[in-house]
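Following are the structures in question.
The following pair of complexes shares a single chain, subunit A, combined with subunit B in the former and subunit C in the latter.
Right, the complex of A and B next:
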């Protein structure tokens, strides 16, 4: 398994898109920090980059990579190798190289200009989101045979997690305005890894007061040590469940 | 050596393989012939475990291949279209395969690499190679590990006549060592002198499995291409 990971990584790290993505992140991060004199303002500007662009690139690039590697996967499957190992190696390779790209492009500037709790939290959440969306991309690409459809599904999933889900939550909030919605909101946000990351970062930013009454419950739950641990575990589950499902599908897939 | 029993595979509505039973033994060179879409490639992929049959089973050396993966170390497979990571050079691809299959250098068969003159272009990236050169790499990989069974899917498609001849000689040499070779091809005349058995498939069904001598006797034709042409026209 180590060997397959090695070769997937070798292939990926020379990929132009990964290099371009790293440069893109680095340019934006450095310019944001140089434009603002207050580093925590810079963090706030980077927040959207981490919560929206990073998942988008992770999911779309991974899906396209898996489709383009179809023949290579076929070649590996015809060799004396376990299918589970092949699939997990591709996942590890993709997740590792996307994480390196994020770490170099965004993590390093953040840790240079704002080496605070918030900065650390944002880097950690960016890495977790990258892994989660690579896992979701693998699931999307194993479920659909057609490349165009697979990429469409990947983009739709990203749309759902970054925009549609929030819309649904807002809608529910307005519909049930007369009821206490604080506790259900905690459960709702667990259904979306992007929301979880956003809440954890915002709570560290001390602007959570802006969120009103819900925020009290949020900081009670997510701010405590146990709450944070639980949230990180839920994020990891968000990566592991799609991955496990995709492994099961890949094991029985006709190539 | 390879026994397929009542293998059936459906892709949604299309029946790619319909109750196919085949027995292949050591030392045979089998030609798998049939019109486009007759299920040849699907059958080969079933043998390799790349496609899972809906019903029926396949045994390799008396072991069921379902949920088994070690048996593939005895197979050399050359796919119809070989595509490799574009950023890797030929040398890296070869090294990767050696690395993955963990064979000591002594047991490797690098004859094809030399006779195809791949040595001189080891540093070229896979993405820049022509279709024919890629086929040569695929062929070299199939023979590299000295496997007991060779499965070649359209091996001569895209190869120039000289390389086709080299490949044919190589298959003959392996045949004399008692290896089982299974070849699909449309270009029948390429195969005439090396084939010992013919499997003819049509619409996912096995039409016949005969030795070459038997086929020649039945159709009264000396040349394989003519014999097959006669069978095909008789079927319509």
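Right, the complex of A and C next:
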């Protein structure tokens, strides 16, 4: 298993797209921090990068990689290796290399220019989101045999998590405006890893506003030590569940 | 002639002697726990107007002390006046009384009487300075007082809720009061003014009070300058008053659903200038205010910097710095009768072609999401998500939902120093 991980990792770190992604993140992060005289505004601009671009690249790249590695996977399967190990090694390699790319491209500038609570939280959330979306990508690619369809599913999932889901929640909140929606809202947020990441960053960034009105319940839930731990656990579950499902699928898949 | 001259000299001598003896008659009484004079009240009863009563270190558990003549009461080494949680500790019924250097503690508590540690009644020019107040119901209570000075006192109490607690410095129907350099914590309202005119509140620190750091009701022509209000249950409230001047104060971390840096209700002809609002849920909340000038303030990292309800008119917001607030301005209607100009908004994205330091495109400080969150607070949880930034961008380009006229036509490109 170690050998496969090592091979996948080396292959990926030399991959041109990963290098380009790292450079892209680094250029954007550095220029954002250099353009704004106020680092907290730079953080705000990077927030969209972390919540939108990072999941997109993670999911699309991972899907494409798995399809391109189809022959390599077939070769591995023909060897006396357990399928679970093969699949998990591919996941580990992918997640690790994407995390390194994010850490170098975005994490380092953040830690240099804005080593605050917000910056640390944002880096942590970026890493978690990367892992979650790599796991979702593996699931998407194992579910469909056709490459084009698989990439389509991946993009659709990204679109759902970053935009459609929030649209539906906003719609529901206004439909049920007359009812107390605080608790359902906590449940809604747990249904979307991007929302969870955003809320955890928000708690550091806009705490004054969140303390207002009824939203105090969120800072009570997400802001407390246990709430924060629960949230991170849910995020990890968001990585583990798709991964577990994809492993099951892969075990029985006719390659 | 000589004899007449001598007579004159003698007369002068005699007169000056009489005058000197009268002034020198201002006696000093010393009260100490070991005696012979053990009771402060006894000393006051024996003293003549203008005398000095020195109280030495010790604990004095005595019934309510009534000061009914102009005296200088001075504590040495903070002697303790203890109300044993039963009664008022001192009532000042005379003008020109000075109370200095006492530790006043454990006043009584009552649900229907206003029991105070020190009460000033119908007097002028009373000075209460450099005392320590601990665990009292009301701290200093002035009623029908004029020209009194309350300075350098430290007031602390341990209020838990609004019902079972009272105010630190409470002035009612008073005039020309000076409240200077006091520190107030753990009371209901730090400083409370009701029907108080021509007074000044300066350089006080009011923190951790259950309700308001400073509370104004029906008090006209007052000023508060250079005070710090931090972490109070609901910040500062100024209600039903006119001609209030608020300068160089600092409002920090007033957090909560109903907490404001300043809550203004039915205020007119006032000025709010050179203040700092940092990390409050709402910096300034205005309701039914008229002709207020909000100028040269700094709003930093607040949830909402300004909430101006549609019931306000003719207010001017100018030359302020808005930095890192979640929302700059929020309102609850489309009617705008207030003017915003020449402020610095860090969210401004316009340009300045002629380089005169003024942006060429108007800035609309109300974001559509502020309006949405105003109507449906739970939606705050979707703040800064992709969909809401899309909504904001769309609304900034073609305003449909936010008030058309709420805009700053001369937004500054650089923050004011």
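Everything below uses one rule, namely that the second predicted complex is superposed on the first by the 249 of 255 C-alpha atoms of A that agree within 3 Å, B and C clash if a C-alpha of one lies under 4 Å from a C-alpha of the other, contacts with A are read in each partner's own complex, and residues count from 1 in each chain.
Operating definition for what follows: contacts are C-beta pairs under 8 Å (C-beta built on N, C-alpha and C of every residue); 3 or more make two chains touch, one makes a residue touch a chain.
Given the structure is predicted, the values throughout are model-derived calculations rather than measurements.
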Overlay done on subunit A, so just call it for subunit B and subunit C: clash or fit.
fit
Of the two partner chains, subunit B (first) and subunit C (second), which one does A:166 touch, if any: first, second, both, or neither?
second
For the overlaid structures, how many degrees, to the nearest 10, lie between subunit B and subunit C at the C-alpha centre of subunit A?
170
Which of subunit B and subunit C A:77 touches, first, second, both or neither:
first
Which partner chains sit in contact with A:233 here, subunit B, subunit C, both or neither? Use first/second/both/neither.
neither
Comparing subunit B and subunit C in the superposed model, the one touching more of subunit A is C
Have a look at where A:255 lands relative to subunit B and subunit C in the superposition and call it first, second, both or neither.
first
Counting only touches as set out at the top, which of subunit B and subunit C does A:23 meet: first, second, both, neither?
neither
Please work out whether A:47 is in contact with subunit B alone, subunit C alone, both, or neither, and reply first, second, both or neither.
second
Identify the partner contact of A:202: answer first if only subunit B is touched, second if only subunit C is, both if each is, neither if none is.
second
Please provide the least distance in Å between a C-alpha atom of subunit B and a C-alpha atom of subunit C in the combined superposition.
37
Take the contacts of subunit A with subunit B and those with subunit C, and give the residues found in both.
none
Subunit B residues touching subunit A - in the complex, by the definition given at the top:
11, 45, 48-52, 69-73, 75, 77, 79, 81-85, 87-88, 92, 96-97, 99-101
Okay, in this complex, where on subunit A does subunit B touch?
3-4, 7, 10-11, 14-15, 69-72, 74-83, 252, 254-255
Give the list of subunit C residues in touch with subunit A in this complex.
255-257, 259, 279-282, 301-304, 323-324, 326-327, 346, 373, 375-389
Subunit C partner contacts - residues on subunit A that touch it in the complex
38, 40-41, 44, 47-48, 51-52, 162-163, 166-167, 169-170, 173-174, 177, 181-182, 185, 189, 194-195, 198-199, 202, 205-216, 218
